[in-house]
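Heads up, the next two complexes both have chain A, just with different partners, chain B and then chain C.
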Partner chain A sequence: MLRREINELLTQTGPGTPMGELFRQYWFPACLAEELPEDGAPPVRLKLLGERMVAFRDSYGRYGLIDEFCAHRGASLWFGRNEDGGLRCPYHGWKYDTTGQCTEVPSEADNSSFAENVKLTAYPLVKIGDILWTYMGDPAKQPPLPEYEFALVPPEQTYTSKRWQQSNWLQAFEGGIDSSHVTFLHSGGLKSDPLFKGAKGNQYNLNDTKPFFEVADSDGGLFVGARRNAEEGQYYWRITPWVMPNFTMVPPRGDHPIHGHFWVPIDDENCWAYSFDYHPVRALTPEERQAMIDGHGVHSKNIPGTYRPVANMDNDYLMNREKQKSGEWYSGVEGIAIQDSSLQESMGPIVDRTKERLVPADSGIIKARQKLRKAALALRDHGTTPPGVDPKHHHVRSAAVVLPQAEAFLDAAREDVTVRPGMPVSSV
Partner chain B sequence: MPKVIYVSASGAEQAVDALDGESVMATAVKNGVPGIIGECGGNASCATCHVWVRDEFLSLVGEPGEMEDDLLDLGVGDRRAGSRLSCQITCTPELDGLTVDVPPEQA
Partner chain C sequence: MVVDTSLLSSCAKAASAAEARYRIDRPIAPSRAGRVVALDAGAADVLARTAQLEWANARFYVCESAGEDAESVLLRGIDGGPATLADELASASVVVMVATSDAGADCAYALGKACWERGVQTAGLVLGDGTDEGTAAAAAVAALRPHARVLLPKADESDVVELLSALRV
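After this line comes the complex of A and B, so read on.
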């Protein structure tokens, strides 16, 4: 169980809240680069950490993330005209550049300085890999750009999708560090999903439904190790890194691409689940890329033109009781991503953690909550920079390795969970 | 046999003979002490066996472990100096007479 006030602390990310301020220390995904595909592209409405913004790419290719609403009378700049070097409100023609600076108020005299004194809230928007990243905190404390491996490898080696999840970010994220549900919820996928199947490790996964969990601190967050029995004298370890506050990776399977997530709060009752797949040493094959686009693996099949999954709470996630009964889809819901989102959304928009009953397999969740809480309070009370801000903390990988029983997992796998450019992941 | 004394919020004392090596939580559950639940079975992961150890026994009982410490922060209504998860305290002859208070909200 979690005390009510701690549940509130960890789930509320609006401006001025302790967790909201914690999130505002980091670079995180604002949207996908594909949403602003060319210079002068239509602006995109975004809500992040409870703030309504528009992202746009001006006619010179500069990216900006500015307050959604015109400073004049509050009309949404989503209706804006993306014109020569700025976004113009179609109501009375006020125009803004990518820094939020108002550059034109047409009703004013030509020699007026009125526009100079009008500036909208704005945050940086930077393209790295397939993602446009933002930092919504104090400009004076802006950290160096993120260095996550999936965003830095050549474009042909990586793919990122996103989907809207109708729940608070924390319950979505907690699924990302909870390896024990895989044996049940995703058991069908381990056998059939083109991006999972065939790995030797899958057998260890399916054969041992009682993993033992060990959690170890990392510079940026945690490594959660799930230990299952392997051959005589050995354990199969699936190691999940978490970089604070909202980056997780899934342990790999065989030579399949390695994947993971960012869990980004939209507001307290919605979040974006970003899902990426990459291979550190080779291009994704056309078949792999197509499978990702088709919503296999950790990705989702979305309603065309949107980032809402086709299977969602309004259609009961297209529940199929026959496939549930046969075990092809253990929960009756198709696909890893929607298997997760269906259950996480079913908890309600913000799950009441005062009523939960945790077990030893949840030790990663307990440690993560404590780290988030401590970091949020240390920031609020002492201005302490939290773990995960330093880009060096981003150089982590998940791993799936077989280790001698006597060895401590992190001592034995330290190299395996560290980014080694040009080297493959450690995976069975 | 070491004895453990559980004191309820109303002050009622329940003295129980414990097995050497058994936890203070398991001893309470076996003997039906109200307010000590031990939902997770003694693995320091649920915080439903919280007790306040009386001052005079604190140094004998020792410090909480890391996970226990986290749970005392996250899951316990009123954490005090004597707060411990009773599943993490082992009954021994040295702890004979150990006295713990059971928080009112667990009863």
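After this line comes the complex of A and C, so read on.
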């Protein structure tokens, strides 16, 4: 349960809000690199943290993220002509470069300096891995670039997709650190999904539906450990890292690629779920990559040409009661990603957390909310840089390990949850 | 696949902001009868302060002595009144244990065992840096680990309040 004002604090991310300002301390995904596939590609409309912008890649290959609307009459620059080092509004020909600087106002005299005084709000846009990252905060406080492992491994070892989720970012994110739902909602996927099935750890998951949890602070956020019974005298631990404010990873299964998410607010009622898979020591196989493209694992099958899932709230997520009854799809919805989004969207655009009844197993969520609230208020009141800004905090991995019962999971698995370039993940 | 059109009037569209105003809106009763137990003197100080806040159903105790069974585990209310664990668990739905050292390891075991037998949910908070080997807090983590369904090492006083608030005790 949260008080109404705390729920509002955590879910509102527009300009000037405490959480909005918190998000503006970090680099986070603005869009996929595939959305701007070549120099001079058509611009892309984006809304992030409640601000409307266009992303474009100019004819010289420079990336820009600028205010969507022309400073002249407010027309959308999505209609713009991407030509000769800038984006030109087709209404009256005003042109902007990737920094938002107006470079031409055709109605002015040739020797006019008027354009120099026109500049749109612009944010940096940087390609790292499959993602174009932005930082929407104070330029004077721009932190070093992100160093998440999935974005730094060679391209053949990683794959990222995204989908539009019609809910506030917080309820989507909370699913990312909620290990206890896997045994129920995704039980079918553990047996059949090509990117999940076959791991020994799945059996521990299915055999023990009442895990114990341990929630431990990390430098950048939290580690949530879920332990289940394994062989005599041993526990099977699934360790989920969270790096503030919106990066989560899923503990791995066997030699399958390891996966995770970024949860990026579009506005207060919509978010992007970025879903990645990577393998630290080998290329993804053609079969694995195809499975990801086909929407298996944490990815989704999207309507062609869009990032909206084929199964969405307008078609009741293609609910199949027969598969629900047989248990093949525990909720009757196909696919791990849509199983999550269907239930999270069903809560409403912004779930009323004054009405919820949490249980001790939700302690990871309780702790994460507390850390977000404290960080947002410390930033607002004291200017304190929040956890997760420092790229060192990004060097985490999820892990799935079997440990002697007497071992503390973070003591025993400290190396397993730390990025070790060239070393495989710890997985069962 | 054929979509069941009967769902169209009751589908997830009802989750829109406009539809949310039709959700049944009744006050929620406290859902948990919580018993909050300090396992050592340091934890007792924290609970003495926490108990001053407004709670719906929570009762706060210090574990005085462990025993073989719930009847012989002696508790003392933060306000000084004696109680036995067996009596308290009869009406409890969650027990939250708070520790700062391993001094209450025997109590943790007794509480954990009694709760397990009665199907009462448990949570444990260890105040201090419970990951630094050799510290009292680390010993407390080790003592609590087998007996708390959920364990929060490296917690602080605000975590106690936060957890109890979230659980609506």
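In this section, the second predicted complex is superposed on the first by the 428 of 428 C-alpha atoms of A that agree within 3 Å, B and C clash if a C-alpha of one lies under 4 Å from a C-alpha of the other, contacts with A are read in each partner's own complex, and residues count from 1 in each chain.
One rule holds in what follows: a residue touches a chain if its C-beta (ideal position, glycine included) is under 8 Å from a C-beta of that chain, and two chains touch if they have at least 3 such contacts.
Note that this is a predicted model, so its numbers are computed, not measured.
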item	value
Fit or clash - chain C, chain B, common chain A	clash
Partner chain in contact with A:K367 - chain B first, chain C second, else both or neither	both
Touching partner for A:V419 - first (chain B), second (chain C), both, neither	neither
Partner chain(s) touched by A:A408 [first = chain B, second = chain C, both, neither]	second
Which superposed partner A:L377 touches (first chain B, second chain C, both, neither)	neither
Chain B versus chain C, judged by how many residues of chain A each one touches	C
Which of chain B and chain C A:S346 touches, first, second, both or neither	second
Chain B versus chain C as contact partner of A:A75, first or second or both or neither	neither
Partner chain in contact with A:L358 - chain B first, chain C second, else both or neither	both
First, second, both or neither for A:M319, with chain B first and chain C second	second
Footprint overlap on chain A, where chain B in one structure and chain C in the other make contact	1-2, 357-360, 362-363, 366-367, 370
Interfacial residue positions of chain A with respect to chain C in the complex	1-2, 210, 212-217, 269, 313-321, 342, 345-350, 352, 355, 357-363, 366-367, 370, 405-406, 408, 410-411
Residues of chain C touching chain A in the complex	1, 3-4, 7-8, 11-13, 15-17, 20, 23, 28, 31, 94, 96, 121-123, 131, 133, 138, 141-142, 145-146, 148-154, 158-159, 162-163, 165-168
Interface residues, chain A side, partner chain B - complex	1-3, 6, 357-360, 362-363, 366-367, 369-370, 373
Touching residues on chain B, where the partner in the complex is chain A	39-40, 43-48, 67, 70-71, 73-77
